[in-house]
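Listed below are the structures to be examined.
You will see two complexes here that share chain A, one where it goes with chain B and one where it goes with chain C.
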Partner chain A sequence: MTAVLSIAAAEWRYWRRSRLALVVVALFVLTLAFVSVLTNMRVAADAEARAHHQEESEETFLSQPDRHPHRMVHYGHYVFRTPTPLATFDPGLDSVTGQAMFLEGHRQNSATFSSSVSSADLGGLSWLTPAVIYQVFAPLLIVILGYGAIVREREARTLAPLLAQGTSAGALISGKLLALFSFALLLVVPLAVTALRSTSDGESASVAASLVALYLLYLCVWIGLTVLVSTVLQKRTTVLATLAACWLTVTLALPAIAVNATSRAEPLAGKIETELTMLNEVRDLGDGHDVDDSVYDALQASLLEEEGVERVEDLDVNIRGVLAGRSEAELTETLNEYAERRMQAESRQARVLNRIGWLTPTLALGAASRAIVGTDLEHYHRFLRQAEALRIEFVQGLNRVHAEELSYTADINRNRDEASSRRARVDASNWEVLETFEYEPAPASERLARASSSLQMLIAWLIALAASLSWAGMRLKP
Partner chain B sequence: MERSARLQTEDLQIYRSDKEVLSGISFSIASGEVYALLGGNGAGKSTTLLSFLGFLTATSGTITVDGKEVSANLKAIREAIAYLPESASLYEHLNAYENLKYFLQLAGRTVDQAAIDATLDRVSLDPDSRARRLKDYSKGMRQKVAIAVAILRDTDIFLLDEPTSGLDPSAIDEFHDLVRGLADAGKTILMVTHDVYGACQVADRIGLLRKGKLVGEFSAADGQRIETETVHRAFSGRTANTSVDQ
Partner chain C sequence: MTLVNSLKREARFVLRHRAFVTWILVVLGAASFAVWSGIAEVEQQRESIAFLSESDRTDRTEQFTSQSDWGAAAYYSFHLTHDAPSNFAFAALGQRDTSSWKHRIRMLALEGQIYEHDPGNPELALVGRFDFAFFVAFVLPLILIFILHDMQASERSAGRFNLLVASVADDRSLWRHRALVRSAGVLIAAIIPLTFGGIVSGTSAFTLATAAAWVIAYGIFWTIVCSWVASRDRNAQTILASLVGIWILLSTIIPAGSRVLIEHLVPIPEGADILMTQREAVNDAWDLPVSATMTPFYARHPEWTGYEYTGDGFEWGWYYAFQQVGDQTAESLSDDYREGRVERDRLAGLFALAAPPALLERQLQNLAATDMQSVLAYENRVRLFHSELRNFYYPGLFGNQPFDPARVEDLPEFIP
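Presenting the complex of A and B:
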C-alpha cells in the first residue's frame, strides 16, 4: 500500500512540476464556470418565467367574469413544467421538448416552448451544459493527464529499474490509477457542490449523492481505459493517438451514430399521418355540441327514461352539459390511446438507444444522468400525463357546471338577446374547478431505479477494464 | 576453497520471436567476484543479464540466484538484486535526493539523510548539484545517482548493463574503483560491456559472448588483472573457444 501511495504522490509531483495538471484543471474550471453560469442563468430564468406564467395563467383563468361554462372550456389554460433543482446541471431533454402546454376542451395540444431563450441566445452553445462538460470534456482531461502514466516510465526507461527492484506491476498500475482517481475527485467537486445546493432546493439527498457517484464512476471508466492503453502500447504518441480516437468515438461519434441508428431501427409514425388517422376515428365519436347528433340518442333516451319525462327541457340536468361531458370523456379516451401509443413508441426508441450504452459509456452516463436529474423522456411523458390529467379534470368540471348550474332553456336561448345571454352565464366562483398545477417529477426511488440499467453498463465497463488491466499488469515488461 | 555460486546459468537457451538469442550459456559468479560479460552488439549480453531479473524466460536450461530458480522466485530475487540499466534511468524532473528517496521508498528501504549524503560523497557527486533536477545533469552525474540508488538498496548482487558507456575517462576510472570496492566488500557483480579495456581493468573473470554463445572465459591470476591484449584478440575474432587462466 505504501508503494501505491508513493507512486500516486510521485505522479502528482510530476503533474505539478510539468504544470500539466494546473493547465488542465484551470481549463476545466474556466470552461465549467462559464458554462455553469450560462446554464444557471438560462434554467433559472426559465424556471422563474414558467412559475410566473403559471401563476399568471391561473389568476387570469380564475379572474374571468361570469360566463357560459363552455366558453371557459375553450378559453383554456396554460401549464408549465418547472425544472427540477438539478436541471441547472443537466437540462437533458428540457431544451428540445416543450415546457408549456395550452389546455383546452376537445384537444390535446403539443407541449411548446415557453421562453424565448434558445440556442440563438447563447450563440448556438446551449447544448454545452455542465453535464456535457463532464460527459465529453472531463474524459479528455483524464486522457491528457494520464496517457503517459505507464508509457512515460517505459520511454524514460524508469520502468526497468522500478520492476527490477521488486516494485510490482500491480502496485505501479494501482498507484497511477490512484493518482488519476484523486484527480477525478477534484473534478467532481463542482458537481458535488451543485448537488449539495440542490438538496436545499428540495432535491432528494439520495438523488444528489447518486448523481455525484455516477459521474465519478464514469470518470473511473476513463481512468481505467487511459491507464490500460498506456500499459499495453509502447510509445507515447501511439497511446495518445489511440486514446484520442477512443475519445472521439465514444463521446461523439458513437452517440451520434446511435441516435440515427435508433431512429431507423425504431421509427416513429409521422405526426401528421397519425393525427389524420386519429381525426377520422374522432369524427365517428359524435359532436358533443349537437344535441341532435344521433350518436347520443341512446344516452338521451336513457336519461329521459330514468327521470320519467318526455322532453329534454324537463330533465333535472342540462342535456347539453351532459353530452359535452360524455363526448369529452370518449374523445379523451381516444386521444389518450394515441398519446400513450406515441409515448410507448418514444420510450421503446429511448430504450434501444440506451442499450447502445453497452458500447459507449458516454451514452450510458447520459441516460442515467437525465433519469436521475429528472430531465429524461420519461419525465417529459410524466409532464404530458399530469397536464392531461389536469385538462380533463377542469374540462369535465366545467361540463358538470354546465350540466348542473345552467338550465337547458337558458342555454339554448343564450343568443336571443343580451338578457338571455346574461342568463346563460354561471357564477365566476365555478372557475375554482381549476386546480393549481405543480409539475411533480418522479420520486427519487423511481428515478434511481430507471438509472440502474445504465449503471450496470458502467459497472460492466469498469469490471472489463479492471480485468484487462490485471492481464496487462501480469505481462508488463520494460 | 570453491566459493558458492550466487548467480548461475546452466545450459541457458533463450528464444525471442522464434529466433535463438542465447544458446547453451553456462557460467556462475561467486560472492566478491566481478564477472564481465563481453561481446559486440547483439551478442546476447543484455539478454543474459535481463534473464536474471526474470524479464526474459529461459526456453531451456536454468537461471538461479542463490540457488533459487528465478522464474519461481521473481519478487524475492528482484528485491535481492540492484540493477543499473545502460542509460541511467532516473526521473529528470526530480533532483538527486528525490530520485534516491523515491526508488528507496518503493524498494521498502528507509535511509536517513546522512546516509544518503555519505553515499553521494562515495560516488563523488558534487554536493552543489544534488538539489538540482536531473535534466541538467551530465550522463556521468546521472550514473553516479543510479549507482547511489543501487548502493543504498544495500543488496548483495549488482547487475550492471554497459555501466561506463558514455562516461569520460576519469568518470570510468572512478566507477571502476567503486565497483572494485563493492566486490571487495563481498558484493557479487555481473556487468555486461563491450569495453575490453574496462572489463580487464575491473573484472575477476570475463566471459566472451558471440552470437548468443559463450565462446571464451578469462580469469585473472591472484593479484593480477586480465591481460587486455589476450582478451582483445579473442574479442576481435583472432582466437576463439578460449579458456584462459593467466
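Presenting the complex of A and C:
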C-alpha cells in the first residue's frame, strides 16, 4: 500500500515539476468556468423569458372580454417549459427542441423556436455545455496527462530498476491509477459544487449525487484505458497516437456513426410526410363548425330522440357546442394516435442509439446524464403530453361552455347585426377553464431508473479494463 | 543538401514511422466517413424532396378540383416549397441541420407557417453531424498537433537532438521540412476523399479547388502554430498540453464568446413574439368590425376596393383579408427578425477572423450554399411564392371571378 502511495506521489511530483498538471488543470478549469458562465447565462435568460411569457400569456387569455366561446378556442394559449435545476449543467435536448408551444383548438402544434435557429453561426463547438466539456474534453486531458505513465519509465529506462527493487508491477500500475484518479477527483469538484447547489433549488440529493458519481465513473474508464495502453505499448509516440485515435473514435466519430446507423436501421418519417396522410384522415372526420355536415346526422338524431323534441332549437343544449366538443374529441383521438406513433418511433430510435453505448462510453454517459438531469427525449415527450393534456382540457371546457351557456338561437343569429353578435357572447369569467401550466419533470426515482442501462455499460467497460490491466500487469517486463 | 533531397529524406523517415502511417490511415478513414455520410444525407434529402413533390402534387390536384369555391380551394391546397441541396452540400451541411429547407404552405397568414421546422428526432440531432467541414475545422488541427508537437522534444529526449542539428547546414530548415512533409501527408489524406466525393456529386472543379485551397491554407496555419510551439525547449507532454490549449481557445472559447457578444450587440425579436402578434391579429379580427380588417387590406391592395363584404356571416374574402392583415401586423417584427439575423451573420463573419476553425467552416458552408445567406434567400423565395399565390387567388376572392376546377393547371409553381 505504501508503495502504491509513493508511486502516486512521485507521479504528482513529475506533473508538478514539468508544470504539466498546472497547464492541464488551468486549461480545464478555465474552459469549464467560461462555458459554465455562458450556459448559465443562456439558461437563466431562457428561464426568465419563459416564466415571463407564461404569466403574460395566461393573463392575456384570462383578461379577454366577453366573447363567443369558440373564438377562445381559436385564440389559443402559449405554454413554456421550465428547465430542471441541473439543466444549466446539461441542457441536453433543450437546445435542439423548441421551448414554447402554441395550444389551440383543432390542431396540435409542434414546439417552436429553438435558440439555435437565430443565433450567429460560429462553428460546431460554439455550443459547448459544461456536460460536453466533461464528456469530450476531460478524457482528452486525462490522456495528455496520463499517456506517459508507464511508457515514460520504460523509455527513460527507469522501469527495470523500479521492478528490480521489488516494486511489484501491480503496485506500479495501481500507483499510476491512483495518481490519475486523484486528478479526476479534482476535475469533478466543479460538477460537485454545481450539483450541491442544485439541491437548494429543489433537486433531489440522490439525483445530484448520482450525477457526480456517474461522471467520476466515466473518467475512471478513461484512466483505465490510458494506463492500459501506456503499459502494453512500447513507444511513447505509439501510445499517444493510439490513445488519441481512441479518443477521436470514442467521443466524436462513433457517436456520429451511431446516429447515421440508427437513422438507417430505424427510419423516421418526416413531419411533412406524416402530415400528408394525417390531413387526409382528419378531413374525413367532418368539420365540427358545420352542423349540416352529414357525418353528424346520427348524433343529431340521437340527441333529438333522447330529449323527445323535433327541432334542434328545442334542445336543452346548444347543438353547435355539442358537435364542436364531439368533433374535437374525435379529431384529438386521431391526432394523438399520430403523435403517439411519432413519439414511439423516436423512442425506438433512441433505444437503438443507446444500445451502441456498449461500444462507446461517451454515448452511454450522455444518455445517462440527460436522463438523470431531466433533459432527455422522455422528458421532451413528457412536455408534449402535459401540454396536450392542458390543450384538450381547456378546449373541451370552452366547448362545454358553448353547449351549456349559449343558446342555439342566439348562436346561429350571431352575424345578423351588432346587437345579435353581442347576444352570442358569454361572460369572460368562463375563461377560467384554463388551468395554470406548470411543467413537471419525472420524479427522481424514475430518472435514475432510466439511467441504469447506461450505468451497466460503464461498469462493464470498467470491469473489462480492470481485467486487461491485471493481465497486462502480470506480463509487464522492462 | 538541396531542398528536394532534404524533403525526400524526411519523406523516407516518415514513411518508416509506424505512428505516422497510422495517423494517415486515421485521417483517410475519418475524412472518407465524413464525406460518405454527407453524400448519404444529401441523397436522403433529395429523395425526400422527390417523394414529397410527387405526393404533394397529387394531393393538391385532388383537393383543389373537389372544391366548389375559391376560398375552400385555397384553404385545402397546400404547396411544397423546398431548397434542394447544392452539389457541394455533402461537405458542409451547415444550416440545413438547424433551419428548415422544406415547407408546405398555403394561403393562410405566412408568418404562422414560415418558421415551422421539423428537427427530426432531437435525440439524434443533439449528437450533431460529423461532416467534412467539422472534421477539417476541428479534428484535423488536433491530429496535426498530435503529429507535430514532439518533432523536437522526441529527438531531445532520445539524445539525438544535437547530433541531428549538427548534421545539417541550416537546422531551422530541417524542422521546417520535417513539419512540411508530415502535414502535407495529412492534408493530402484529407483532400483525397473530398475530391472523390466531389466527383461523385458533380461538384464544379472551381468549387472543389477553392475548398481544397481553404483546407490547405488552414493546414498551413496550424502547421506554423505547431512548429512554433514545438520549438520550445519543454518536454513533449507540456508542449502537447499547450497546443491543445490553443486549439480549445480558437475552436471553443473565442467562438462561444463571440456568439454571446453578438447576440448581446444585435438583439432580435423573439420568434414567439412574431407568432403571437400575427395570431392575435388574426384571432381578434373575428370579433372586430369588418372595416377594421378591410381598411388596412385596401390600403395594401387598392385594386380590390370594389370588393363588398355582404355583411352576412362568414365570407372567404374577409377571411383571407384578415389573414393578410395578420401578416401586415407582424411585418415590422418579421423584418427586424430577418435583418437581425443578417446583421448577426455579418458580425459572425468578422469575429470568425479571430477564430480560424469558425472561419474555415463558414467558408466551406458558403461554397456549399448551406450558410445563413442561403437560408434567408430560400425564405425570400418562399415569401415571393406566397405572394404569387395571393395574386392567383385574389381575383377569385375579391373580383367575382367564377371558380373553375380546371384552373388547377394555372396554380403558381414554386421554382426552387
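A few remarks follow.
Methods note: the second predicted complex is superposed on the first by the 466 of 478 C-alpha atoms of A that agree within 3 Å, B and C clash if a C-alpha of one lies under 4 Å from a C-alpha of the other, contacts with A are read in each partner's own complex, and residues count from 1 in each chain.
Note that in this section a contact is a pair of C-beta atoms (placed from the backbone, for glycine too) under 8 Å apart; a residue touches a chain by one contact, two chains touch by 3 or more.
Predicted, not measured: the structure shown is a model, and the values here were computed from it.
After superposition on chain A, the partners chain B and chain C are accommodated together without colliding. After the superposition on chain A, the angle chain B-chain A-chain C between C-alpha centres rounds to 90°, nearest 10.
Contacts of A:Arg385 after superposition on the shared chain: neither chain B nor chain C is touched. Of the two partner chains, neither chain B nor chain C is touched by A:Arg107.
Once chain A of one complex is fitted onto chain A of the other, the partner contacts of A:Gln165 are limited to chain B, with no touch recorded for chain C. Touch criterion met: A:Arg71 reaches chain C, while chain B stays clear of it.
Contacts of A:Gly92 after superposition: chain C is touched, whereas chain B is not reached.
By the touch criterion defined above, A:Arg157 lies against chain B but remains apart from chain C after alignment on the C-alpha atoms of chain A. Within the superposed three-chain model, A:Ala256 lies in touch with chain C and out of touch with chain B [touch as defined at top].
Looking at the superposition, the partner that touches the larger set of chain A residues, chain B or chain C, turns out to be C. Contacts of A:Lys477 after superposition: chain B is touched, whereas chain C is not reached. With both structures placed on the common chain, the touch criterion links A:Arg355 to neither chain B nor chain C.
For the three-chain overlay built from the shared chain A, the minimum Cα spacing from chain B to chain C equals 12 Å.
Residues 18, 156 of chain A touch chain B in one complex and chain C in the other.
Put simply, chain A touches chain B in their complex at residues 2-3, 6-7, 10, 13-14, 17-18, 156-168, 171, 477-478. Every residue of chain A that touches chain C in the complex is listed here, in rising order: 18-20, 23-24, 27, 30-31, 34-35, 38, 41-42, 49, 53, 57, 67-68, 71, 74-76, 78, 92-93, 95-98, 100, 102, 110, 112-114, 116-128, 137, 140-141, 144-145, 147-148, 155-156, 235-238, 240-242, 244-245, 248, 252-253, 255-260, 262-263, 268, 270-273, 275-276, 279-280, 283, 345-346, 349-350, 353, 363, 366, 376-377, 380, 414-416. On chain C, the positions that touch chain A within their shared complex are 17-19, 22-23, 26, 30, 33, 37, 40, 48, 51-52, 55-56, 59, 76, 78, 80, 94-95, 98-99, 102-104, 115-130, 134, 137-139, 142-143, 146, 150, 154, 157, 234-238, 240-242, 244-245, 248, 251-253, 255-260, 262-263, 268, 270-272, 275-276, 279, 283, 286-287, 311-314, 337, 340-341, 344-345, 347-348, 351-352, 355, 357-358, 361-362, 365, 371-372. The touching residues of chain B, counted against chain A in their complex, run 53, 55, 75, 78-79, 81-85, 87, 89-94, 102-103, 105-108, 146, 149, 153, 159.
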